[in-house]
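One structure coming up, written as structure tokens, with questions to follow.
Chain naming follows the written order as A, B, C, D, E, F, G, H, I and J, and within any one chain the residues start at number 1.
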Amino acid sequence: MLFQVEMTVKLPPDMPAELAAEIKATEKAYAQELQRRGKWRHLWRVAGSYANVSIFDVKDNAELQELVSNLPLFPYMDISVKPLCRHPSSIREDDS
Amino acid sequence: MLFQVEMTVKLPPDMPAELAAEIKATEKAYAQELQRRGKWRHLWRVAGSYANVSIFDVKDNAELQELVSNLPLFPYMDISVKPLCRHPSSIREDDS
Amino acid sequence: MLFQVEMTVKLPPDMPAELAAEIKATEKAYAQELQRRGKWRHLWRVAGSYANVSIFDVKDNAELQELVSNLPLFPYMDISVKPLCRHPSSIREDDS
Amino acid sequence: MLFQVEMTVKLPPDMPAELAAEIKATEKAYAQELQRRGKWRHLWRVAGSYANVSIFDVKDNAELQELVSNLPLFPYMDISVKPLCRHPSSIREDDS
Amino acid sequence: MLFQVEMTVKLPPDMPAELAAEIKATEKAYAQELQRRGKWRHLWRVAGSYANVSIFDVKDNAELQELVSNLPLFPYMDISVKPLCRHPSSIREDDS
Amino acid sequence: MLFQVEMTVKLPPDMPAELAAEIKATEKAYAQELQRRGKWRHLWRVAGSYANVSIFDVKDNAELQELVSNLPLFPYMDISVKPLCRHPSSIREDDS
Amino acid sequence: MLFQVEMTVKLPPDMPAELAAEIKATEKAYAQELQRRGKWRHLWRVAGSYANVSIFDVKDNAELQELVSNLPLFPYMDISVKPLCRHPSSIREDDS
Amino acid sequence: MLFQVEMTVKLPPDMPAELAAEIKATEKAYAQELQRRGKWRHLWRVAGSYANVSIFDVKDNAELQELVSNLPLFPYMDISVKPLCRHPSSIREDDS
Amino acid sequence: MLFQVEMTVKLPPDMPAELAAEIKATEKAYAQELQRRGKWRHLWRVAGSYANVSIFDVKDNAELQELVSNLPLFPYMDISVKPLCRHPSSIREDDS
Amino acid sequence: MLFQVEMTVKLPPDMPAELAAEIKATEKAYAQELQRRGKWRHLWRVAGSYANVSIFDVKDNAELQELVSNLPLFPYMDISVKPLCRHPSSIREDDS
């Protein structure tokens, strides 16, 4: 089941550089693990911003909450979620 | 080059049903042609709405404008566009 | 799986009264059928408005889209959707 | 008498972790007590966020204010309130 | 129990003048009856607008819905509602 | 001459508790004095929030500014103001 | 007593040209009369728009309402109002 | 003197096709004349929309108003205006 | 050439009182000098707020930027700007 | 390929003056280098603000992201991006 998730990162300007670097490194490792597991199906940078557009593939709402709320950057992001499904004009049989 | 395009359809309530059906049929054929040509890479329905989330793959801004402005539903949609590029945490080499 | 759905009805001021009455009657029958089937778990009027707050219980996003887009009032409503799941402070085991 | 209450938690990024943990523990105990007393009828997490959708059942506006303003997280939340009542299409006799 | 209700009237520009006059006359009679019954406690014009600020005194949310939704101008108004209660700094014992 | 004034209090999360208590006590005394003088005609809590709806009765805009800007909480509040006057459907002769 | 009034004109696109011309002519005459009487102290066009910024000088809120609601274009305008008074840094003794 | 002007065209859905074509042709001729006279310095389409971003070069606010309000599409556009001037980091001597 | 400038002051709550007082004193002197030079033609307090409505009279956009950006409170204000010109219904020959 | 980029600078009020000066100097050098390389085609100050309107000329979305995210002021700016292309009414052959 797919969800579009849009995330905008807003780090506090006075966060120490090392702490920021550490959080980002953990975030990157976590994001790549979720991609490898097929949960984070697409991940794009929005050009000209510190934001991304993502497509998550989860079994239900609870899994979406578990995956997103465990993002190391979760406390520092504005996040919007849209549930997706197959579009009647799509040429694919599944919702991919 | 990828763009996220979000479209919300707002047909005038007094549009004759046959006209609406005709526009939607033309739209569907056009959308499927663009998908087959690889220009409209993803097309999802936003659940609970008359809206979609799409990913377009075009060679430049001009092609995006040409494809989107020729949508039969173009005069009846609210459309937002975001330029996308590869995210540094993506596990894929290209921007897919 | 639960979703909060908020619907605000905006009928065109020049819709003939009989047509409006007919749509509302069909809507009511459809809403009551979905409640009986357990799909439309809660339905409340927002006091002082022509709007409701609803909780849908569906098996996935696609079913939510199917149920909501078939509402007779669907073309005349502003609709917002939020995916819900169990809250860690809830005293119930399921997500009810 | 029912009210929909939506709460979004925004803890200051520099709040000490122990203080945050303490506030959250107190909040959880308080939320569960209100649920057991039947005042906080429903409590759902909004998937992908640090927010909830709640239904309160109180005897009047004053009781709503008393219960909500005593939430330990009250100073750190954006809160919106909507008064609810029975919907004419509901299949239940009361406003549940 | 008090509610602040703000109403902004938006009549369709093509409504026939006689119809508008008739609706306004019925609205006025209804508003004055509710004032006499003590349900519509305060009614003020917002200067420079076709809007009002009102205080309703009702026994519960359902009565608020019944009174407001029966306003002859109800289909032509933007309405916002806020539940009120006694303020701890008020010098009055009741919530008046 | 009446004005509706809506105030939402936003104290900085790191304000020392004693300072906050002192400001609130001064605010309360000031608010009660203005009520006794007939300047602050109504003061209601908005249920579920740290906000109020107020009606001020002043001789002109300058007096409104003087009274509101001297509120001890003035630097910590979002404030909106609407000028009021007698509504043509009011059953009272004055603007009360 | 001064008020800033901002007006944006939104004529229905299907209003007959003669009717629009007639309303505008009446509006102009009325606006000039109010200027001559000293009630409409300033009237500026916002460059690049069908909008104006105005300063009204009235004896109270009720007079503001009377003058503004009698504008021939009143049903076709978005209007915002701000009460003004003397600024402590102004070099003039009055509020002009 | 430069102004950024952003225009979004919103033609009524029921405007006859010939009328729309005529207005657009007049608009195009007028826009090209202003470009040749050096008044409309830049004109870009916003990709994926019926909107443009423009830079006007006028001698004062009054000329901006005259040029923009005479656009044949003026009654059908949402327009926003921003006054521009030389940026201190610009490498050009003038404001071009 | 006239511009309407609206300024809302938002001082950081933890700014030392002496620093705030010093900035305000410098601001007042600067504002009064600009008024005496005829550049800051009108300056009004918005009643019930820490905001003003101003009319600037400058020779071009660059002078507006120079005057406004040198305000001592500039880093602490939300500022909006509207270019003004003579209104066709104004009874004055110039744009005053 | 052109993009309009609008940037509003929001420096934290407690940033040390030397640090702010250093960032601004680096920003200026970087902005001028990009202008000389033809990447930052236009750069205007929005009069009365700490904001600019810019036109970037890049080969694709990825280059836009690279250039913008390396701005020294990037962490302190609100940025909005619009993809541009040739307007059919433009008198120029290219999109300049």
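Criterion: a residue touches a chain if its C-beta (ideal position, glycine included) is under 8 Å from a C-beta of that chain, and two chains touch if they have at least 3 such contacts.
Here's who's who by UniProt: A, B, C, D, E, F, G, H, I, J = Muconolactone Delta-isomerase.
What you are looking at is a predicted structure, and each value in this text was computed from that prediction instead of being measured.
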Handout entry: Co-neighbours of chain I (Muconolactone Delta-isomerase) and chain B (Muconolactone Delta-isomerase) - touch as defined
Key = H, J
Handout entry: Pair with more cross-chain C-beta pairs in contact, given C-E and D-E
Key = D-E
Handout entry: Distance from the mean Cα position of chain E (Muconolactone Delta-isomerase) to that of chain B (Muconolactone Delta-isomerase), given in whole angstrom
Key = 43
Exercise for the section: Could you tell me the distance, in whole angstrom, between the mean C-alpha positions of chain A (Muconolactone Delta-isomerase) and chain J (Muconolactone Delta-isomerase)? Expected result: 27
Completion exercise
For the pair chain E (Muconolactone Delta-isomerase) and chain J (Muconolactone Delta-isomerase), the C-alpha centroid-to-centroid distance in angstrom is 50
Handout entry: Residue numbers of chain A (Muconolactone Delta-isomerase) (touch at least two other chains)
Key = 2-3, 45, 47-48, 61-62, 64-65, 81-86, 95
Handout entry: Pairwise chain contacts under the document criterion
Key = A-B, A-C, A-D, A-J, B-C, B-H, B-J, C-D, C-E, D-E, D-F, E-F, E-G, F-G, F-I, G-H, G-I, H-I, H-J, I-J
Exercise for the section: Quick one: which bits of chain I (Muconolactone Delta-isomerase) touch chain F (Muconolactone Delta-isomerase) in the complex? Just the residue numbers, please. Expected result: 11, 13-14, 45, 47-50
Fill in the blank from the handout: chain G (Muconolactone Delta-isomerase) partner, complex, touching residues on chain H (Muconolactone Delta-isomerase) are 3, 5, 12, 15, 61-62, 64-65, 68-69, 74-76, 79, 81
Handout entry: chain I (Muconolactone Delta-isomerase) residues within the chain H (Muconolactone Delta-isomerase) interface of the complex
Key = 1-3, 60-62, 64-65, 81-86, 95
Fill in the blank from the handout: Residue positions on chain G (Muconolactone Delta-isomerase) within touch of chain I (Muconolactone Delta-isomerase) in the complex are 2, 4, 27-28, 31-32, 35-36, 42-48, 52-53, 55, 82-91, 95-96
